[in-house]
Every structure is written in structure tokens, then in C-alpha cells.
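Across the two complexes that follow, chain A remains constant while its partner is chain B and subsequently chain C.
On to the complex of A and B.
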């Protein structure tokens, strides 16, 4: 946000051209790491990853620690979160054997939801899932899990049924096979990662642009006069988007967990 | 007039890529709402399936989004 404001202060308001970044890469600043340990660079994103990890650990630890006969209100809330992921997502989608995958799905759900909610956390305002590395890593782990489960449950039939489906007429079989192969092994992980990434990048950009431009216009009222009051409308619109982004953050965490479960389910029961 | 237009053609490409998924998501959500209204007791199942349908339909728009960045 500071960089947007800086860019606008260097902007020539007298000229007719509206200030726009010359290259889209300017929107993605690549800052220097604060320090490095053995080749690992510690940037703000890395700190926020660890912060998200500690928040998840703290919530789960204090919510589910043993020794309390009657769970507190907080404990009950955490329990309902865990049972939601276990019963509604893992068992509800995959079936009774889905309980094996509940820990992984809970990990993804809690980490992604905390990472997404950093977008609307005051003073942080940066979703770590808008860095492609994190959704991509989650997608790769999901990919490895569903491929391994597919080969384990069905043996080589997993691959042969996919590229040579018996239920399709012979003339079309090769075409359907190619489409199925590409969509299962290539497009699934890509779309899983890009869906999360794109939603969070778009939300972050929208919030930054609306709130920053509202701020700039309102502070420019002494210079440009009444025209600057349009900034108030933008600021209010930005606050509306702020509420919308909370919904998006929770929904995208739910969707990536749901789709991970569905992909595992298609490997467990392929002809379903 | 065409000569006056400037800017990356990838923007137009993303706009075109968003048309189909836009229509598709409309159909998915509309039918899910209809299903929920007809059978409110099955609303939970319809909602889960709706999110799945949205997620699969969205894929084309997402590929367009990626192409915008790499084009």
C-alpha cells in the first residue's frame, strides 16, 4: 500500500494520462530478505508463514488440550471446526475411510484460512496465500497424495482405466483418454493452486487500490478542491469490499479443502 | 479507430476467457438455488455440490488469468 501511495505522489496530476504501472511486475514487489540462514531467505512472507503456523498450533492446542471435562466456549468452537472438517469434508466426501485423510485436510484448512485472513487483519493486510509458492506447494502435496492413493487402491488399473476408459465407444476412447489424462494430472493441481492464488491476489489488489486511492483523494482535497470528495465514495466502497473479502477468504479455504477431498475421493473410488 | 487502441491484447483474451465460465457459474448457481427451494431438506448437499460445480467451471477462467500473466 505504501508503494501505491508513493507511486501516486510521483504522479503528475496536471497531465492527462492517468498514472498506471508500466509493468504488471511492479505490483509484485520483490523485497530484499531481512536476513538469511544457510541459504534460506527470511522475508516478510516467511515470517508470516511461521506466524500462521504458530496461530494454528496455539488455537488447536488451547482448544483441544486434555484435562477439561467440560470444554470451554473456545474449546467447543475449535471442536466444532475439527468435527466439521472430519465429518462434513473428509467422511462426507471420501466416505468412511476418509477419516485417514482428515488430519491432512484439517492442516490445509486451518493453515489456509489463517493465511487468507491475514488479508483483512489490520496491520498485516497481506495474504500469504497470494504468493504462488504456498498454494502451489499445497497443490503438489495433494497431487502426490491422490496419485499414490490411486495406484495403491487400484494398481495399474488406475492409469489404464483413465487413459483407456472401457465405458466409452472405441472410436472416441483415445480422445477421452487424452482429455482425462491431461485434466487429471496436469490441470487439477494447476487450477487448485491458481484458484486460491488468483482470488487472493485480486482481493488484495482491489483493497489496496480502493483504500489507497480513497486516502489519496481525501488528503488531496486542499489541492484539488471539491473533486477530492469522490475519494470518500471509493473509501466506503473499499470498506464494503473489505467485508466481502472476509467471506472470500473463508470460502476459498473451504473450497481448496473440499477439492482436495474430492480429488482423493476420485482416486479411492475411481468409477464413481 | 482501431489504430488508437493500445495496451496488452492479453487483457482482451482474459475478458473472452471469462465469458464462458461466467455463464456456466450462473447456470450452476441458478439450478442449485432451484434445487434448494424445491427440497430444502437437501440444501446442504446441494450447496456442497454447487461449490464443486463452481470450482470446476471456474477452471477455464483461471487458465485465462494465468495466460494474462505469461502472455
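On to the complex of A and C.
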């Protein structure tokens, strides 16, 4: 978005070259790295990833370090966040043994929620989860966890019950088996990653285009009268979407955490 | 005006789709490395510190609240027993007070009776003394009167007879007569 706005000041309204980014990738920070060390590119996104990490670590640390009998408001909020993930997501969905997965689920939830909220954070305005790295990594880890847990809890039955479900009539069993196999081992990780990634891509695109085009139309007022009005309308609409994106950011973080827990639960108790 | 701007945007996004595609979907290596590193660091903190810390905090808080609650309970029991004590003492004090008042009333009563009795006794004594005084006085006056009457009678008799009489004998005679009169009168 930054690049669009920068570009907007250089655009030529008369020539109808209205500051479109040369490439949509520009919107997603596919720009040249700030610097590289041994082939490792330090892009803005890489910095934002570490910034998100530091924010999460700082929130957890400052919220919980004292462990007071009567917590501060901030402490109580962090405590309720942690106990929410532990009691309502980990234990609530997976069952009593879900407490083992609470650290993983807390990491997913906190890291993703901060990464998502970068979308609507002034001066950052870029969700790190709209790049595939983090959603893909989380999806792969969740996949590995639920596959390992499935085999550990149920042995080979985990796989055989899935591809040869006894409760289904024989004629349909092979078909259901294929569908189950594909949906569990192939589609689950892909949908998990893409759901988060695509939501944030769409949100970021909408905000970028609406707010940037609002700006561009308003700056074109002296030349062409009505564009100012259109620009203000775009901008107001963009601000509405801004509020909506806050909800999306929180919701998507919750959903990826919840689904990770649900996938693990289906491996712990496959009969459900 | 607005329509003239639109094709430019559309053209831009069409162009972008052609050029980007798969790049948007594939994770960049440096981001993947950074993301994994950041994730693992948060995970280690969550695993090694956050959950032990919050468990400890909640357990301490539970213990503290339980202790506070028990202390409050004990204080309540103590307060209850103190209240009972005070009430008992208060009742006792009230009994005591009414007893004292009753005693005082009785004492007052007896003092009053005493005073009345003494006053009555005194009054009676005064009355008796007065009666005695009066009767003594009367006797004295009667005796004086009797002597006076006798003398007067003798004087009258002497004047009538023109001669002096034997005063001693006559006196005895008059007195005897008066006494007889008195004896008749009474």
C-alpha cells in the first residue's frame, strides 16, 4: 500500500496513468531485500515477523511475570487469553490430554493474531500472514502432529479405519475411503493454510485498493470535479472495511487455532 | 471521469495476475526461516515458561484465596462468639442493673418506713409530753386556785364576821370542803 501511495504522488491524471502498482506483488511486499547475509534476505516482511514475535513474547512476559494474587488489568487480560487457549480450545476440544498441545495452540493463536492485526496497524499495514510462509508452516506442523498422534494412539487402525470405514455400506466404502483419505491427508493442510492466507490477502488487497484509490481520487480534485466525491466515498468505504478486517484478523487467528485443535482431536478420538 | 480511471485499474490487476501467480502462493525461503524461528521461540517460551508460570500463579492465587476465605470464616466464628459473649454480658449487666434498682427501691422503701415510724414515735412522744405537761400545769393551776379560793373564802368570812378566824383550822376546813366538791364533781 505504501508503494501505491508513493506512486500516487507521481501519477499523471491527464495521461490516465493512475498510479497502478506495476505488479500486484508490490502490494505484498515482494520488494528487494533491505540487505542480505549469506543468501538470507532481510526483507520488510522478515523484520515484521520478528517484530510480531517480540510483541508476542513481550505481551506474555509482561502479562505473566509477576504472578500476582490480584493481577493488573493487563495481567488479567493475558491470563484470560492463556487460560482461554488452554481450557476452552486445548482441553475443551481435545479433552483432558489436550493440555499437552496447549503451548502449540497458544503459539499459533498469539503469533497469528499479532501477524493478522499488522494488517490494520498504522505504519505497518501489512499482515505477515498474507504471505504463505507462516500459514504453510503452521499447516504442516498441525498435519505432522495429527498424523503422528493418530498412529501413536491407534496404530495402523488409524489409517485402515480411515480408508476402509466399517460403518459405511460395502458398496460405498472404497469411495468414502478415498474421500476421507484425500480430505484428511491432503486437503486439511492445504485448506488450513489457504483459509488464513487467502482471507488476509483479500483483506489487504481491499484495504490497499480502497484507501489508495480514495487518496488518488481526492488528490485529483483540482483537475476533475466529481472525482473528489468518489474518492471520499471510497475512503469511507475503505474505513468500514478497516473495522471489518479487525474482526477478520481476530476470527481467522481463532479459526486456525480451533481447527488445529479439532484435527488433533480427530486423531486422539477417531471414532467421533 | 470515474469510468476513465477504471480500465487502468482493471488493466493493472489483469497484468498482475499474469506476472505473479505462483509467487504469491509459495513461501519465500527467508520468510519461512524467519517464521519458523519466531514460531519456535514463542513455542519454547509458551512451553517452558508461560504454562508453568500461569499454573503456579493460579495455584498460588487459589491457595491465597482459600486462606483468606478460611481466615474470614474464622474471624466470622470469632465475631459470632464475641457477640454472644457480649450479649450474655449485656443481659447479665441488665439483670444486675435491675437488681440494683430493685434493691435501691427496697432500701428507699425501708428508709421511708423507718422515717415514718420514727416520726410517728416522735410525734407520739411529743404529744404525750405535751399532755403530761398540760396535766401537770392543770394540777398546778388547780392547786393554786384551790388555795386562792380558800384564802378568798376566809377573807370574805372574816369580813362578814368582823373578826379574825383561826386561819390554819379554817383553811383546812375550806380545803376539805373543796376536796369534797371536787370529789362530787368527778
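Just so it is clear, the second predicted complex is superposed on the first by the 239 of 272 C-alpha atoms of A that agree within 3 Å, B and C clash if a C-alpha of one lies under 4 Å from a C-alpha of the other, contacts with A are read in each partner's own complex, and residues count from 1 in each chain.
Here is the rule we go by: contacts are C-beta pairs under 8 Å (C-beta built on N, C-alpha and C of every residue); 3 or more make two chains touch, one makes a residue touch a chain.
No experiment lies behind these values; they were computed from the predicted model shown.
By the touch criterion defined above, A:137 reaches chain C but does not reach chain B. Look at A:191: by the touch rule set out above, it reaches chain B but stays clear of chain C. When both complexes are overlaid on chain A, the residue A:60 reaches chain C alone and has no touch with chain B.
Contact comparison for chain A: of chain B and chain C, C touches the greater number of residues. Residue contacts after overlaying the shared chain place A:87 against neither chain B nor chain C. In the superposition on chain A, contact is made by A:254 with chain B only, not with chain C.
Once the two complexes are overlaid on chain A, the chain A residues touched by chain B in the first and by chain C in the second are 24. Contact residues on chain A toward chain B in their complex (touch as defined above): 24, 88, 92-93, 187, 190-191, 194-195, 198, 251, 254-255, 258-259, 262. Of all residues in chain A, only 16-18, 20-21, 23-25, 28, 30, 33, 40-43, 45-46, 49-50, 52-53, 56-57, 60-61, 64-65, 67-69, 71, 79, 82-83, 86, 102-104, 106-107, 110-111, 128, 131-134, 136-138, 201, 209, 213, 217, 224-227, 230 touch chain C in the complex they form. Residues 1-2, 4-5, 8-9, 11-13, 15-17, 19-20, 23-36, 38-39, 41-43, 45-47, 49-51, 53-54, 56-58, 60-61, 64-65 of chain C are the ones touching chain A in the complex.
Of all residues in chain B, those touching chain A in their complex are 48, 51-52, 54-55, 58-59, 62-63, 65-66, 69.
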